[in-house]
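Sharing a structure here in structure tokens format.
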Amino acid sequence: MTSRIAAIRKAIDAARHPALYMVDTISSLASIDYRHDEWGVDVTVAGSQKGLMLPPGLSFNAVSEKALRASQGAKLPRSYWSWEEIIANNKTGFFPYTPATNLLYGLHESLAMLMEEGLAKVFARHARHAEGVRRAVRAWGLEILCAVPEEYSNSLTAVMMPAGHDADALRRVILEAYDMSLGTGLGKLAGKVFRIGHLGDFNDLMLAGTLAGVEMGVPHKKGGVLAALDHLAESARAAPRKAA
Amino acid sequence: MTSRIAAIRKAIDAARHPALYMVDTISSLASIDYRHDEWGVDVTVAGSQKGLMLPPGLSFNAVSEKALRASQGAKLPRSYWSWEEIIANNKTGFFPYTPATNLLYGLHESLAMLMEEGLAKVFARHARHAEGVRRAVRAWGLEILCAVPEEYSNSLTAVMMPAGHDADALRRVILEAYDMSLGTGLGKLAGKVFRIGHLGDFNDLMLAGTLAGVEMGVPHKKGGVLAALDHLAESARAAPRKAA
Amino acid sequence: MTSRIAAIRKAIDAARHPALYMVDTISSLASIDYRHDEWGVDVTVAGSQKGLMLPPGLSFNAVSEKALRASQGAKLPRSYWSWEEIIANNKTGFFPYTPATNLLYGLHESLAMLMEEGLAKVFARHARHAEGVRRAVRAWGLEILCAVPEEYSNSLTAVMMPAGHDADALRRVILEAYDMSLGTGLGKLAGKVFRIGHLGDFNDLMLAGTLAGVEMGVPHKKGGVLAALDHLAESARAAPRKAA
Amino acid sequence: MTSRIAAIRKAIDAARHPALYMVDTISSLASIDYRHDEWGVDVTVAGSQKGLMLPPGLSFNAVSEKALRASQGAKLPRSYWSWEEIIANNKTGFFPYTPATNLLYGLHESLAMLMEEGLAKVFARHARHAEGVRRAVRAWGLEILCAVPEEYSNSLTAVMMPAGHDADALRRVILEAYDMSLGTGLGKLAGKVFRIGHLGDFNDLMLAGTLAGVEMGVPHKKGGVLAALDHLAESARAAPRKAA
């Protein structure tokens, strides 16, 4: 699920709480709208391997003035969060340590791809796919982990397994039979949910294949793929230009 | 559709006809069983870009003793069919002209992949996918171009468009809306059929995505994807090991 | 060595000879100046794997109106030289057969690279390297195969072995000891010359490495590398901008 | 220069000093002999981008039992040096965070390449190249930064610029004229030395090219390339098998 970032900022401000506000966008940046400055976030964490469509290996911080000042006065030892040296080097285009250069070339290209499609279209594409996934989940008679529709994630959907079924056993079956790796439930959700990713470089037919793999493996009602295809076809007609 | 290669050889022999027997395997080699020697073929033509899972750029000939003798005595000018120089060079591992070396490295790997999976399994995989496609076509209320079941191709399925619909217009719509390029009808079938390829590096969920793209675009009954998924799930349970 | 293409054209015309004029540019195109139209060539043959800096696998023909007319009336069977179908297809951007698509993407990039450097600079770079090679050969006390300076090739230099030495034995020694593959002498030059390639994606330090490999292997005087370095350093100072 | 790791260990032990012993092998691992266990090192730091012949992006720690125990009891906050989670995950082949997967595939291959050549040969190859570099530096009339021959590095050679010359200006000239990037002097050596790297995937002719680039740019005596080539040719004859 997603968090209502701007609303939380307002609540922090209303409570006059001095806490720094940190947001993890690893599974959403560049697939779902996100505004570090406008929403008043202090520290944003992101990674290369999801919406930015790259191999894993790069991580990014966006840092507010407030966070920077706090960092300069802070006594706690840091390494990842030690920004001064890299900010100083960035002015001349250098890095204080050896960076993962190949991924920087990839990042240059993935940003060009995102700008070419246009962020508004990228976000709309993921919203449309996410709605297709949710219709499929409901048609299967399963529950989406997220109870609040306005907090649905457009990049990932966690699905509750029916009582008495182990999500990780299902994931293994689907991996073996259909060569598709679903996400696992973490922490107290372990074994109880599986996660369907629909972010990054993703189009309608990849979504259809993904849902087909779940439908062939999941011990429940059919009809999910069909429900998603109805949604995709209908919304493709509404927006007749190239889907991806 | 495929031809009954061995049966045709028998017919040629029964008629005592001296013709050389040439077979085009470009769209089938390494996806469907084929036996140059055992079936008595004189010249087999193949290419890198289909069942061998490589970019286009290589073509191969398998040549019988009979074809070789005919070639040696023949008066007609040739270039592609002029085998002597390359046969002489092959003995030492050389080529008479500069070959597409990068594709030869790729070929080494694709042959290793085919041997690792095992040809019997490769052929069974394509047969299972092709049956799924045919069930989808029938569920759509459409006709497969090939009328004789024993000549069904397991690598490509040509589908007749309903009267009054242009196959190439459909192909354009599907390309634009779903980023999938279907094959066109050639010669007198132009505009009347579209072709679904299901060969080479192909698995269940790619097939599901492919059929979803056709079903969302084709002006006819639904139910094809579902019919194919039923077949895939059922036959996956029958053969529970890794499908691809 | 290179041929004086324009001068030969004039000689053909002066003799009023009706022959078509065909030029093989495989080892020179995009490394040495060449003008199909201006020099009155009828058929030019080129390949991807040398000056165009690509893997082997593409070949090109440039064809004059005269050659095209001759082809249309000709009775001789052809395949490579059968241009009508591809000319017709090119109008719409298609190919009559499956082309080596990956190499076409590569060609797009290599042409962009050549235009970015500028053809005049590309040709000057190869001329400078070729002069360095020739100075090295002379310093070794060896002879360049080409006796006429105005026919020196700027992309390849064939070097005569001293009497009593086998060029192919030298090539084997250098390949084993220094991991460098020199070109062999063809036809009646087999065993008598080795060829140093200095074309395509090539810069000063690659040339230095290349000549070092020859100098360490060749059974003759030293001083070739030094003579080439003197030339390179001197001409780099004369043209102080980026050499490659 | 390299440090005498085993000797330092002995000195620490002789002094009965409780310090942990940490060694930075980033520029040497897999190019020069190194023995974490045998030499009694507590923490070794390595990276993917030098002797391991990969793009930058991976770093490694080898950790002794003693360092591990110290870490478990330590109060100081850590992130890079926090090993428990990754050690626990490694047992099942997992990572606690998303690793740079593409580089792990590359590492698998680079280790295979090192084992195929054999570490003894890899180290001998670098020792031979390093000796060639040092002979070149002396022939140029320049000084190697390292005064103690037994501490010469076989992967990098830092060269002192003559008084009155700026090493970084030289580096810029060589980069522009010869497309070669030499290493810079760090800290108090800034501007006073340049560094020649000769590690990882490196062979005789790359070394010759490298030294040629320095010789053409450096404001001093010639003869370095020749001195190195003499050494390479002589030692190649002594060990006539494939150099790299």
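Think of it as A, B, C and D in the order they're written, each chain with its own count starting at 1.
Methods note: a residue touches a chain if its C-beta (ideal position, glycine included) is under 8 Å from a C-beta of that chain, and two chains touch if they have at least 3 such contacts.
The model shown is predicted, which means the values in this text are computed figures rather than measured ones.
Under the contact definition, chain A and chain B share no contacting chain.
Shared contact partners of chain A and chain D, listed by label: none present.
Placing every chain at the mean of its C-alpha atoms, the farthest one from chain B is found to be D. Chain B and chain D, compared by their mean Cα positions, are separated by 52 Å. Here the CA centre of chain C is 39 Å from the CA centre of chain D.
Along chain D, no residue makes contact with two or more other chains.
Contact residues of chain C toward chain D in the complex are 176-180, 203-206, 208-210, 212-213, 215-216, 222, 225-226, 229, 232-233, 236, 240-244. Contacts from chain C toward chain B in the complex involve residues 47, 49, 55-57, 76-80, 98-103.
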